[in-house]
Amino acid sequence: MTTETSSLIPRLEALLIVADEPMSVTALAAGAGSPVKEVRAALAELRADYDGESGGPERGFQLREVAGGWRIYVREELDGVITDFVGNQAPARLSQAALETLAVIAYKQPVTRSQVAQIRAVNVDGVVRTLLGRGLITEMHADPETGAMHYGTTSLLLEKLGINSIDELPHISPLLDDGSDGFAGLEGI
Amino acid sequence: MTTDPAGDAGFRVSLSNFDGPFDLLLNLITKRELDITEVSLSAVTDEFIGYLAELGPEENLDEASEFLVVAATLLDMKVAGLLPQGEFVDAESVALLEARDLLFARLLQYRAFKEVAVWFSDRITHEGGRHTRDVPLEQKHRAATPELKWTLSADDFAALATLALAPSEIPTVGLEHLHAPQVSIREQAAIVVSAVRTNGSVTFRELAAGVDGPGIIVARFISILELYRLPPPAFEQLEPLGELTIRWVAETWDDEHLQALGADYDN
Amino acid sequence: MTTETSSLIPRLEALLIVADEPMSVTALAAGAGSPVKEVRAALAELRADYDGESGGPERGFQLREVAGGWRIYVREELDGVITDFVGNQAPARLSQAALETLAVIAYKQPVTRSQVAQIRAVNVDGVVRTLLGRGLITEMHADPETGAMHYGTTSLLLEKLGINSIDELPHISPLLDDGSDGFAGLEGI
């Protein structure tokens, strides 16, 4: 039982560290390949450990049971550190690269990251993350075949631009609006 | 055929001081157990060309890509050999020595990168299986991010989109500066065609004789390569790097063919 | 000093737990409000702690220095647990040509496309475009005379390779490092 638990805890930690939403005990038990009862006990042990109640130091993060699941959060007393850091870090205006990527998404939506990357001829992963974080774009739907996420703009962008709907975006020259289509329109000539 | 591009089943060489797979020869040179100046380039070249002749068209691409470097280097050397070398008696052997150095240097270099590419592939595959903590900011922290300063109007935004959506080309390298006096492949091809048609058979040495400047010789050589893509002439070269003879065998020929010649080189 | 450190480590843990990319020591120092030197020492301590070298248990996660920054990873031995649980979306593989081109650029940077093409004896334009799109290489500067663009590798590549800097690439013989020089290095033999 002791060796069981000692290898179960690291497995739970591995699962919890990558989880981006609270994980239910059953999901954790399935992931760790251990019975629910043991998992529940191990989680309680881990929570106490992170809280410095098992002889080790109090960690900068804590394990909390929220909304029927378990998740690692920044320790509440340290929230101020993160708030200050985030407040000082994020630039108050978007970079040129972010603005251009946003423009591509606005006119091409719904569009995948790789499609945007192809148009911009650079990797846009970081910029897309920034735009998502800013709430200017949002995930719309995953491609049923490839699973690639399609992005579109939000009402926050409309608000910033002072328009009511995406149809009110100024028309841009159709010749330039899609390099990848080539000159399909000329085929009939 | 084999995953080892130049292993036992691959390209072998038999020289006075070495007999075995080409790959081993390169290894010995790398480890300095064989002096590169003692390796006969012409023997390696002969064996290589013999080996290429035996290679079937469906040989594996990996093997082909390694020999592409050999072939490109040999071609460079051949072109270099066509350029005037000066009047020194030793010029040819000096050129040969340089060519040998170049061939082996390029091969060793290419092989080093090919080997290290395997390391890149292994590392990328391995790291691709690693998992990082990558979790979005909690809402309460996200709320702390400074408010966005937004200055663009809808029209500014559209202008930006037009710019961003314009097909972007990878900037190309300007070659203009390399062609100080421009030589037209088409013009040179016309000269070559007329010389071959008039005489029936011409050697490249004759075609290059009395020409002013290496650029024109190179242009005439390229125009022969271009002609090779069309039916007209027949080529004869009895041995590698030997005399190249061009004979006219075309039955139909019109100036349209000439117009198309060298089109790839127009820019 | 002890109390300083003991409060520094939880602050660093809080920052690392919210980071979504490797965090440089300077960024962590700014976030934690501590001198760079102390932060560096604390990170080494934390790494050893997670690895079970400070008397505590070996954690299910580890702290790694990658691409010039620090980041929390699932412990290597436990990657299988996560892969089994979430499934692994196999990353799009690079072709042999792309890998070889990437290797040449990594060792020769800053380097132009024509220099790369010379080493590989083939045209590399398409491959360079792919690598740019993947964010593995970037444009560095144009040659002032010819206008030829010089390319170099990105920190994303370091991340993908799991190394901290380009100096950690395997050593290749200096003999091989420039074919255009011929065998100048052999002259002394």
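Each chain carries a letter (A, B and C) given by its place in the written order, and its residues are counted from 1.
Here is the rule we go by: contacts are C-beta pairs under 8 Å (C-beta built on N, C-alpha and C of every residue); 3 or more make two chains touch, one makes a residue touch a chain.
In this text the structure is predicted, and so the values were computed from the model without any measurement.
A.B. asks: Of all chains present, which has the mean Cα position farthest from that of chain B?
C.D. replies: A
A.B. asks: Name the chain with the Cα centroid closest to the overall protein Cα centroid.
C.D. replies: C
A.B. asks: Any idea which two chains share the most contacting C-beta pairs?
C.D. replies: B-C
A.B. asks: Quick check: how many Å separate the C-alpha centres of chain B and chain C?
C.D. replies: Result: the chain centres lie 32 Å from each other.
A.B. asks: On a C-alpha centroid basis, what's the spacing between chain A and chain C, in Å?
C.D. replies: Comparing mean C-alpha positions, chain C is 22 Å from chain A.
A.B. asks: How many Å are there between the centre of chain A and the centre of chain B, using C-alpha atoms for each centre?
C.D. replies: 45
A.B. asks: Quick one: which residues in chain A touch 2 or more of the other chains?
C.D. replies: 14, 17-18, 73-74, 82, 84, 121
A.B. asks: Quick check: what residues of chain B touch more than one other chain, meaning two or more?
C.D. replies: Chain B, residues with two or more chain partners: 131-138, 141, 170.
A.B. asks: Using the touch rule from the top, collect the residues of chain A that touch chain C in their complex.
C.D. replies: Residue list for chain A touching chain C: 6, 9-18, 30-32, 56-61, 72-75, 78, 81-82, 84-85, 88-89, 114, 117-118, 121-123, 125-126, 129, 147.
A.B. asks: Which chain C residues qualify as touching chain B in the complex?
C.D. replies: 16-20, 61, 71-74, 76, 79, 82-83, 88, 90-91, 93-94, 96-97, 99-100, 102-104, 106-107, 112-114, 119-122, 125, 128-129, 132, 142, 145-149, 159-163, 169-170, 172-173, 175-183, 186, 189
A.B. asks: Help me check something: in the complex, which residues belonging to chain B touch chain C?
C.D. replies: For this pair, the touching residues of chain B are 30, 32, 35-36, 62, 65, 68-69, 71-73, 98, 101-102, 104-106, 108-114, 116-121, 123-138, 141, 170-171, 173-174, 177.
A.B. asks: With touch defined as at the start, can you tell me which chain B residues reach chain A in the complex?
C.D. replies: Residues of chain B touching chain A: 131-138, 140-142, 144-155, 157-158, 160-168, 170.
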